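Next, two complexes with chain A in common: one pairs it with chain B, the other with chain C.
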Partner chain A sequence: MAAKGFCDDWKAGENAAMAWTEKALAAAGADTLNCLTLVDRQRAEAQSREAQRRIDAGLTGPLTGLPYVAEDGIMVEHQISSGGSRMLANFAPPFGAEVIRRLDEAGLVLLGKANMGELKMGGEESSYFGPVTHPLDAGRRSGGAAAAVAAGIVPLALAVDSLGEVRRQAAQAGVVCCKPSYGTVSRFGVIANVSSCEQIAAIAPVVAEAAELLHLAAGHDPKDGASLPQEAYTYDLSQEIAGKKAAVLVDYQTNDYDRRCLEQGVSLLRRAGIEPVEVKTRYAAYAHLALTAIAAAEGCNNVSRFDGVKYGYRAPEYKNMEELYCNSRSQGLGMEVKRDAVLGVYVLAKEQYQTYYYKALQVRHLLWQEMNDLFREYPLVLTPLAAGPPYAAGEDRGGRLSFRDRFYAAIPSLLGLPAVAFSVGRDQAGLPLPCQLFGAQGQDGAVFAAAAALGK
Partner chain B sequence: MAYEVVMGLEVHAELATNSKIFCACPVGYGAEANQNVCPACAGMPGLLPVTNKKVVELAIAAGLVTNCKISPVTTFDKKNYYYPDLSNSYQITQLYAPICRDGYVEVRTSQGVKRIGIKQIHMEEDAGKLTHDDTLGVSLVDYNRCSVPLVEIVSKPDFRSAEEVIAYLEKLRSLLRFAGVARARFEEGSIRCDVNLSVREKGDPNFGVRTEIKNMNSLSAIERAIAYETERHIDAIEWGEPLIQETRRWDDAKNASFAMREKENAGDYFYFPDADLAPIEISSQWIEQVRAALPEMPDRKQERYVQEWGIRDKDAALLSQSPSLARIFEQSADLCGNPKEAANWLVGEGLALAKKHAVPIDDLELDPHKLAYLIRAVEDRTLTRVNGKKLFAAIFSDDVDPEAYVKEHNLDAAVDQGALEKLLASIVAENPKSVADYQGGKTKALDFLFGQAMRQLKGAGDPGEIRRILEELLRPQ
Partner chain C sequence: MDTEKFDVYCRFNKFVLEGEEKEELRDLIRWQLSQLAPLAELDCGDTPPMIYLTSLRQVLREDVAEQTVSREEILACAPEEMDGAYVTPRVAD
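This part shows the complex of A and B:
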């Protein structure tokens, strides 16, 4: 039975797109979670009027007129797009992301920007605009996009799935995150961290709505060299799932919490008629390490353009060029970004390149082969997404915990695979237990359909 | 002690595309600062590089004309360093899988013909330009050149003299220009050359300590830099002073090289593959398409001029040195039907005038139709050779219409025979002393009368015919 999302509720009782946007604007105004960094009332109202015009003309899709938020790293023309960093706190780009253009065209209403870990390199405590409070537990942390949907401020959100943190945050907030295969949604206009891994994902209460959002967002873009040639994507969520096999990766049984996640996930699979089979892999345990080396290298390179010379933060005082660089970057970038930048230089240095960066590429290749062998027998793979409940306030300072949980989320990031994150039940405190299903590259529809079949 | 200098060259050439290598910005020499700039080449976040296909094709062409192997798969890498003229703080280049490898170029020097090995050719983007304004105390950056496509052509350490270096650079320039790969002009920086140089005792199988010299912007500067640096190395060796492997900047005004600051000698650029640019597959079919589209190369032209048209080897070499000159020559030869005469005029007059007016050979513009008219007129004797030179000069500097010019300046040799005889008879009548001198055996007197005639005719008339008539008139009656 298909799960019920917010979208129909959102529209219920009101018959005008303007009213839906007003509802979201009111909720955003009352936000106590710090999940939004910017609300653009003017843009949202103009878009909702345009959406209403289309609805009246009968030119509508299922999401026309619905408000959504985009993570702060997804740039909107002439709107401050800071990526959660002081470095870009006043940066309003002269161009916008392709994905925003597509959703504008589809008649959605962009309410504003969601808070995020600094430049995707930092964890829950790293945003220059402060951390996001968990929507279900005021003493805990969440991600801006996941929290905005979970708290009911908007029914939909776009987030950049870089190291898998948005999947974990969504599942632990009780909503879903659908990450399509690498190259599906254009990355044009998205502040880059791990270029070879990251992909725009959709967050919604249920898979059907996230998939619908991706349907509108995805498709070939010549402005993104890694964009796949396919022009458009549709996801058949009604395809037959029962009888399929799912590999349950026991590599991720490390403690009571992740075991419980897997148990609950397995029982959901069984209920949907999917056969869970416990599998131990050879390389899964190395995925997060390879991802860390690659992410540090690419992240370090991607943030090197923030130098205080052309735009963004410039230190008020410097005596020469070197000080201009050092002071601007020291003051403009947070600790976790600096740590990744130093790590990136370390793994790329001539002396260490073979030991770390090149080794990471080899691991990625071996894992790619192993996973593709696995997919031949098991089209679906189930893993937990965290070693414990959402981080308590201040607990992730320095990024230690988000680094720890990268362990679970790494494979789809590293290999560019489609994945869905969702909750499989509740822990003793009533907080969602996070799991993900993923599958072979290009099998986005089958993976999303399986999650939908689990009642998500 | 006999020493041997060993050199290898790194030549950067700007590719002759209309747009930049990873964005659609136009490429133009001499545009106003920061006019040819978009968010991508200005280093803004969220922009992704998309490879200009034309760049790949021109790089393949560069490889083909230098006898390289073209890689079936080629990839881009990022080279990281901070400098304000590098908008992204990294340069996209090729380290691990360059597009061309293992080629050679044949050069001719006073020592004969020699093959210079090409180690590799790779594609990369250029950086912008930083200008320091000392009066305002600021540095200004111009990103126009950011992401302009380049090929870097890396030679093997095969050079043993400055003469070989210059011959190679001239040859390389000519190949790149003929193939339409690059404008390759030192004066505008569209070709640049770094020299890696070391000195060793003759016969020593090991190389000496190597230095890299940068910042020479003409062939003559390169020649002087090599001479200076060689001398510096030999001095150091002879005095037992240590040489350091380093990059040195050539200062043309001071005629000396100086070590660059330590920072600029940083050894590690943290190279790694560019994840935003998928590997480029180059099929043999694509290579053949590029090969088929290549025009005739200068060596082949030279050979053809000699063999098919009977042009002297030296002239053929001169005429095939630049695509524009070769085009002017071939077209005027075809139009006038006399390649030898076309060669004589272009080498004798065209190149001399170019030298006199300091016009670079590559900028030579001459309308082949006008040249062909001139050559035919001289052949038909309707124009004397002397007046032909006048006409040539006028075409060279003012692109005049030859027919109108001849008429206007009364250069037509076909003066009416009766009028000519009448004029000459009157000159003879007006100069009885010269007539007497001539008849008294001073044959030089004829030259005076001839000069008088030429002055009055203002160059018209056939000089041979004038002389013949004068001799007739002066013959004792």
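This part shows the complex of A and C:
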């Protein structure tokens, strides 16, 4: 049985979209987590008035009038869209993302932008606007979109899932993140990083609302070259789950923390009538390595457009064109972006191409075959999402811990699979233990329904 | 990655780094490559590479240029603009 709709709680006691927006604006104003990079009061109030007009006219959907935030890598027309980078800290794009247009049309209220790791290349310490404080532990870190929902500032958020970090952050903040299959939600207007993997995901307190948000956001968009042809998507959360089998990947039992996550996840599966079966794979342990090489290769190309000429940051001092490029890029991009850019050029260079980039694409193929074989018997796969609790302040500088935990999150990113991240219990400090369920490409509804059946 | 290569790849990326920052980046790259060693050592035989993700029918749009944003809107984002054009340092005498 699906968890009770949180958005109903959000609306409880109120009777107007304007009041919901005011509530969110007040919460955003009192934000001490640094989870938002921008709050657009004027836009939010105008949208809430329009939403109220729809509500009064009876033209409503379940999310009409509800406020949400979009991660800062999702562009909004004429609104600063920085991607967490100094390079774009003054960038107000002349067009917005398709997904924002769709949610505008559906009557949702965009409150503002959520903080994020720099250009999705950096970890929890990399945002130009400073790190996000974990909503349940002030000494730890989180992601902006996950923290904004977990802290109750907004009931919904959109974030770009490229390397799996938003899934981990959401589950470790005690909320859910639904990542749909690659190609189902338009990436038009998303600041590109790992183009062959990234997909907009929905964050909410429960699966039902995240799935509803994706229902509004998903569908073919000719402006996105990788968009699948299906015009619209609905996710049937009431489909029968009991009796299905889930593969529990023992490849991810490396320490007490991830074992505990898996144990708790397995007991939730059993309670929902899903049969957990331990499975060992051949290539899962290589997924995060392949993803890292592909991300660097694609990322270095995507950040090459930042040159200090066309838009974004331009260094104040330069004597010639070469210095303009070098100074702007050296000052405008952070350490972890530089790391991926240099690594990307390295893995693509003639001498190393076969050893890293080509090999990564081969691993993707092998893993694709292995997972599709697995899905024939097990429509669901359970894994933990972290090797330890949310990072302590400063601990992820350089992105070493983000890389460590990419190990757990990588398969759905690398293969474009639908996944749901959620907490399966609490650790001794009371912090959520993170797990994910994923399934075959195109089986989004079955995966979301299974997570909902776990009470998420 | 040796120092010479590291410098080449930094230059290729138009990064000018000095002192501690340069050392920190070099350490990070060294560490990252050490983490990627199992990938480099894996024998994948003649498995073909998988570049595109989806086995479902993917629709690629026509490769046709369209005017979607006006010149004025584009130039409004420019760090420096004059007479309807980007301002850059002189590139030729």
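The rule is simple: the second predicted complex is superposed on the first by the 455 of 456 C-alpha atoms of A that agree within 3 Å, B and C clash if a C-alpha of one lies under 4 Å from a C-alpha of the other, contacts with A are read in each partner's own complex, and residues count from 1 in each chain.
By our rule, a residue touches a chain if its C-beta (ideal position, glycine included) is under 8 Å from a C-beta of that chain, and two chains touch if they have at least 3 such contacts.
Computed from a predicted model, the values in this text were never measured in an experiment.
Superposition of the two structures on chain A shows chain C clashing with chain B. Residue contacts after overlaying the shared chain place A:V363 against chain C, while chain B stays out of touching range. When the shared chain is aligned, no partner comes close enough to touch A:Q264: not chain B, not chain C. Once the two complexes are overlaid on the shared chain, A:P222 sits against chain B and chain C alike. In the superposition on chain A, A:A341 makes contact with chain C only, not with chain B. Applying the stated contact rule after C-alpha superposition, one finds that A:R400 touches chain C and leaves chain B untouched. Residue contacts after overlaying the shared chain place A:E298 against chain B, while chain C stays out of touching range. Contacts of A:G83 after superposition: chain B is touched, whereas chain C is not reached. In the superposed pair of complexes, A:Y313 makes contact with chain C only, with no contact to chain B.
In the superposition on chain A, contact of A:Y325 is made with both chain B and chain C.
Touched residues of chain A, counted separately for chain B and chain C, are more numerous for C. Note on the chain A alignment: of 3-11, 21-29, 39-47 or 57-65, the part of chain C that runs into chain B is 57-65.
Overlap of the chain B and chain C interfaces on chain A comprises residues 93-95, 196, 222-223, 225-226, 300, 304, 307, 309-311, 321, 325, 345, 349. The touching residues of chain C, when paired with chain A in their complex, are 1, 5-6, 9-10, 12-17, 21, 24-25, 28-29, 31-33, 35-36, 38-40, 42, 44, 47-61, 68-70, 73-74, 76-80, 86, 88-91. By the touch criterion given at the top, residues 75, 83, 88, 93-95, 97, 187-192, 195-196, 222-226, 297-298, 300-302, 304-307, 309-311, 321, 325, 344-345, 348-350, 353, 357 of chain A touch chain B in their complex. Of all residues in chain B, those touching chain A in their complex are 39, 42-51, 78, 80, 82, 84, 87-90, 139, 141, 267-268, 270-272, 275-278. Contact residues of chain A toward chain C in the complex are 91-95, 181-183, 196-197, 220, 222-223, 225-229, 285-286, 289-290, 292-293, 300, 304, 307-314, 318-327, 329-330, 333, 335-336, 338-339, 341-343, 345-346, 349, 355-356, 358-366, 368, 398-400, 403, 415-416, 441-442.
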